[in-house]
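The chains carry the letters A, B, C and D, assigned in the order they are written, with residues numbered from 1 in each.
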Amino acid sequence: MQRFALLGAGFIGSVHAANLAAHPDVDFALVYDVDQGRATALADAHGARPAADVAEAFDADAIDAVFIASSTNTHAENLRRAADAGIAALCEKPIDLDLGHAVDVVRYATDRSARAMMNFNRRFDRDYAELKRVVDAGEIGGVELIQLTSRGPAMPPLSYIAVSGGQMRDQTVHFFDLARWIADLDPVEVFATGSTLAEPRLADYGDVDTSAVTLRLPTGALVQIDSTRRTGYGYDERIEVLGSTGLVEARRHRTGAVSRYGTGRVVDDGLHPGWFERVQPTYAAALAHFVAALERGEPTTPSLDDGLKAQAIAEAATRSLSTGRSEPITYPTVAVTDL
Amino acid sequence: MQRFALLGAGFIGSVHAANLAAHPDVDFALVYDVDQGRATALADAHGARPAADVAEAFDADAIDAVFIASSTNTHAENLRRAADAGIAALCEKPIDLDLGHAVDVVRYATDRSARAMMNFNRRFDRDYAELKRVVDAGEIGGVELIQLTSRGPAMPPLSYIAVSGGQMRDQTVHFFDLARWIADLDPVEVFATGSTLAEPRLADYGDVDTSAVTLRLPTGALVQIDSTRRTGYGYDERIEVLGSTGLVEARRHRTGAVSRYGTGRVVDDGLHPGWFERVQPTYAAALAHFVAALERGEPTTPSLDDGLKAQAIAEAATRSLSTGRSEPITYPTVAVTDL
Amino acid sequence: MQRFALLGAGFIGSVHAANLAAHPDVDFALVYDVDQGRATALADAHGARPAADVAEAFDADAIDAVFIASSTNTHAENLRRAADAGIAALCEKPIDLDLGHAVDVVRYATDRSARAMMNFNRRFDRDYAELKRVVDAGEIGGVELIQLTSRGPAMPPLSYIAVSGGQMRDQTVHFFDLARWIADLDPVEVFATGSTLAEPRLADYGDVDTSAVTLRLPTGALVQIDSTRRTGYGYDERIEVLGSTGLVEARRHRTGAVSRYGTGRVVDDGLHPGWFERVQPTYAAALAHFVAALERGEPTTPSLDDGLKAQAIAEAATRSLSTGRSEPITYPTVAVTDL
Amino acid sequence: MQRFALLGAGFIGSVHAANLAAHPDVDFALVYDVDQGRATALADAHGARPAADVAEAFDADAIDAVFIASSTNTHAENLRRAADAGIAALCEKPIDLDLGHAVDVVRYATDRSARAMMNFNRRFDRDYAELKRVVDAGEIGGVELIQLTSRGPAMPPLSYIAVSGGQMRDQTVHFFDLARWIADLDPVEVFATGSTLAEPRLADYGDVDTSAVTLRLPTGALVQIDSTRRTGYGYDERIEVLGSTGLVEARRHRTGAVSRYGTGRVVDDGLHPGWFERVQPTYAAALAHFVAALERGEPTTPSLDDGLKAQAIAEAATRSLSTGRSEPITYPTVAVTDL
């Protein structure tokens, strides 16, 4: 049984709270939020206790693990505290929007042999896990081309964009991680180009809403990623991996399996309205992996180093958006063997 | 808030227990089972109390509703007790394997204006509900032909078959209900023919494992149902409704959306291994409907009368299996307006 | 090289003419039609010669094979003439609307060891042939249930209905043949029920436009066929075969592979507008089989006996429409070994 | 009626010959090939006449149009001759592998107001035409992202590669044309990167077998194209267009619509073995367009200028493969209004 403190009682915090409450091997003990009322409401709904001070979450006598779902600018500090206390941490991405700061905290955690896991939840999607299994089993031969599609249904508010770090660091970063994970290789170069088609004011932030990214892997295999902020047809995500002997595809998800036949056309159920409906089950699956690893004393992945590497690709991609050329990707060196 | 007692702590009882525990408007108070140890274990897992005597479940001061998931031969008695106590009941099918007894108890409940709902959970399937919406909205014109497929992955044990009442009463009955519900009409005639292809010993029980049923609706519209006990490819269920201007289909469900392309073929994810994986979400949805109706004082459907009618079709279908001819369907008359 | 005479220059005759003209091993010599102008026009378009008298088609010195695509009431007579002349015949169904007359002519042809083939063109559909291959290879185990769907887009004119012999003999008969062919078994019983939902005036002809048929095979395996004359969504045909270890399905054909994604729905290309667009390639494939068999001196199937048997099922099905009970199917005995 | 001379009696010439022979408004008069025996055989098979000298094809008294399907290095000269003779030309791509030479011949033809059409046959694919219709009708709003997939089943021989001009000019060029056509815009920049994953010896030719291309359109819309020479699963081609309000996709084509259900998986028919099976019907459709335009005196598109522009993109893409940066695309100026 793992005793958890949840940091952050916003939307995603409430998702994690329900999963913590339902997990048979979790003692959901504590909720902390800067907004105490919010923490109390969420704790009450799930039989947990609200914390008056964040320090309560880092009391190793009472807590085994923290779930860091607080605001982005607090992730690094919370990871440090968990490392200090010898408490395991499951951390929402990113470690820190500033890659240098992120590297610092990962070194800090590594020096203290901290147990930590990045919550790259898509790795725990049923279909992506099956796709990965097919690739790893060699069923499509060697990987030659990966295509990832990441399309949100609606522009986030500009206030969100302003602090997001830009499309590469905020949206595409999930797919940088997926590409690394699927290929089991670190990309060496990235080309990115983008436009402001959905929201011209993004240009004021040096950001884009529609982008095409090409990664080159050390084997010469290529990765294409398209990211858009606003579709007119819902949330659209898919992955296709071309190997030397076959192809595996994780298709778009539909909301149902009803078909309506009329003259000259068949109308099927469409895509999910938003990302949450699409990826919802992945949160419980990621948590289940983390808890099982803690229970068994096994490694938790994706590691903080995986988090750094996805961010490093996002940095190079952001640079490429300006330079118009393929940029080399430099990965920070942290003496991490197995976090 | 509705205070519930759960009768029956077997497999399906445990499914209902989890749903009762998770429903925000339910106070999951009591679990009763003839096996007290089983009742205690299930109650403990969900913060409910085990009942030493079934009578505790019918104490109207402490309980608002019972969920009847006990063995089939106790359904009728439990419905009577609920009616006596003025407690609402959500009842697994059938009311009683003997249609005459079932009619008696429904009359009894009706005379007492009891609130009761048959747990025909498939009516609450997302896709079937959408199919029904399409039909009701007139999007395919008038109903002309309905096709339902009901195929289980593996033969149940003969011990189960022996007390099941036969394929029509045990398996196809769910689809008799769906056909009535979709068409909003009571079939007038039924032809059924069947064979023992999967398990020849079924013949000893006068039962079949593979059957084809044709219903005639009062409008002349037709219904085809195929029911098999054992496929080699998982659990297979689908519905197709042909109208005068279009067709609507609730397709087979797949376990995922992964495709593997190889030479000359594409391998997709298959069907669910069993019925439970396919219909699991319908149980929570049916319960949610029942609770919402109780909270709002609205009618709960499907009614006990719906339960009787599906059974009446099963009786006529069972008769047709022997006679080799289309049999008229006689519906029991119960002065039920709205249960 | 086979020298062909085509009998009948109507719509289907013109389809056959184009296929005869394009076939590398066919010398398309002659066209006969009661309407000489029509024969001349069709012959001219394909470099054939119009015949002034039908007798020219049965001149064994000049002609190796006749393609009988003349009106139904002339099929039997043309088959007799071909048998007399020792000329091979490819014959559109039915042999004769009157089963007794049909039996007579088949006996006549058999006594003369005539080479003849029924043009059950659907057997030569690429998908149906593949489905048959899967079944024959044992990939789904033993056949247990076959479902066939036959739905036309629009009511034929009443003048057509009046001489058609009714839905069983005119439309469903193709699927009786397919069922026999797929299962490699002769059904022993048939139940049929139908309604006049699309065109009430059909009742005046003792005919139906919407029907459900159930066949029983000698193994106990079952066959369900639904036939409708008018859909609101195009021409709809599909086959599904459930075996003891798997299922094989020949899905509906679509006009294209374009998908349009909008909010909450995906619109795909629909079904073909009519039967001809769906089955068009089967005519050339059937002809190719016939020609190849003639060239190699191999058997031509489906045989006239196959034609009789499909008709015999249609007779029993038509009877069942009136009696409301499962009718035994009696097959005419013709001492046919290999036509 | 248009009198045609066919230049080139190789594989693709024989495809065109069959289409010319079958077209009702074409008088298929002449076949020329440097290999006279091949020309004679093809001419004989279709009732045409072999030409002893290519000059016969440019006799305006006997010929209205030439179909240029001869070897690539003769296209330019044949276009010049057609322009001189005032004979219309339907020309296989490319005009000339050397863009400068191609520009010269197009100027020459333009000065003489020659009628000519590039045989970009994919524009005449049923599904691509429908996709284009959806885009043009505004059904998906403004174009924001186009994705094109071009994957061949097997490496061509190195001897072919050696004279092909490389993957951009030989394979991807078709998709450069499709991108321009779909968007109705000329790309302004191109980034391309590639690898030799299927055949390392391609590096000796400065060529690649696996590439990712990104085009930028003047509106800021983006285009991604992946091209591979060898898959392990057949010929794979698809297009997806993301607009501001929806998405339209022309999906992969399958060889059939048969599904085989087994435990945990469904096996569907796969992709076509090669490009020819996939695009075969487009050749007749392109020819039909050309003939109809000639008959009506209407413009024939795609024009020679379309041919030049696709080649210009291929040139810039080839450059980008070496420079590792996004390259501007310069289009040759030919005073072409409407060829």
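General observations
As a working rule, a residue touches a chain if its C-beta (ideal position, glycine included) is under 8 Å from a C-beta of that chain, and two chains touch if they have at least 3 such contacts.
The model shown is predicted, which means the values in this text are computed figures rather than measured ones.
Put simply, the chain farthest from chain A by mean CA position is C. The interface holding more C-beta pairs in contact, when A-D is weighed against A-B, is A-D. A separation of 58 Å divides the Cα centre of chain B from that of chain D.
Between the CA-based centres of chain A and chain B the separation comes to 41 Å, rounded to the whole angstrom. Residues of chain A in contact with two or more other chains: 140, 232-233, 236, 245-247, 254, 261-262, 269. If you check the complex, the residues on chain C that touch chain D are 22, 126-127, 130-131, 134, 139-140, 245-254, 256-262, 269. Touching chain D in their complex are the following residues of chain B: 232-234, 236, 254-255, 261-271, 273. On chain A, the positions that touch chain D within their shared complex are 140-142, 144-145, 147, 151, 189, 191, 193-198, 210-212, 214, 216, 219-222, 224, 226, 228, 230-233, 236, 242-247, 323-326.
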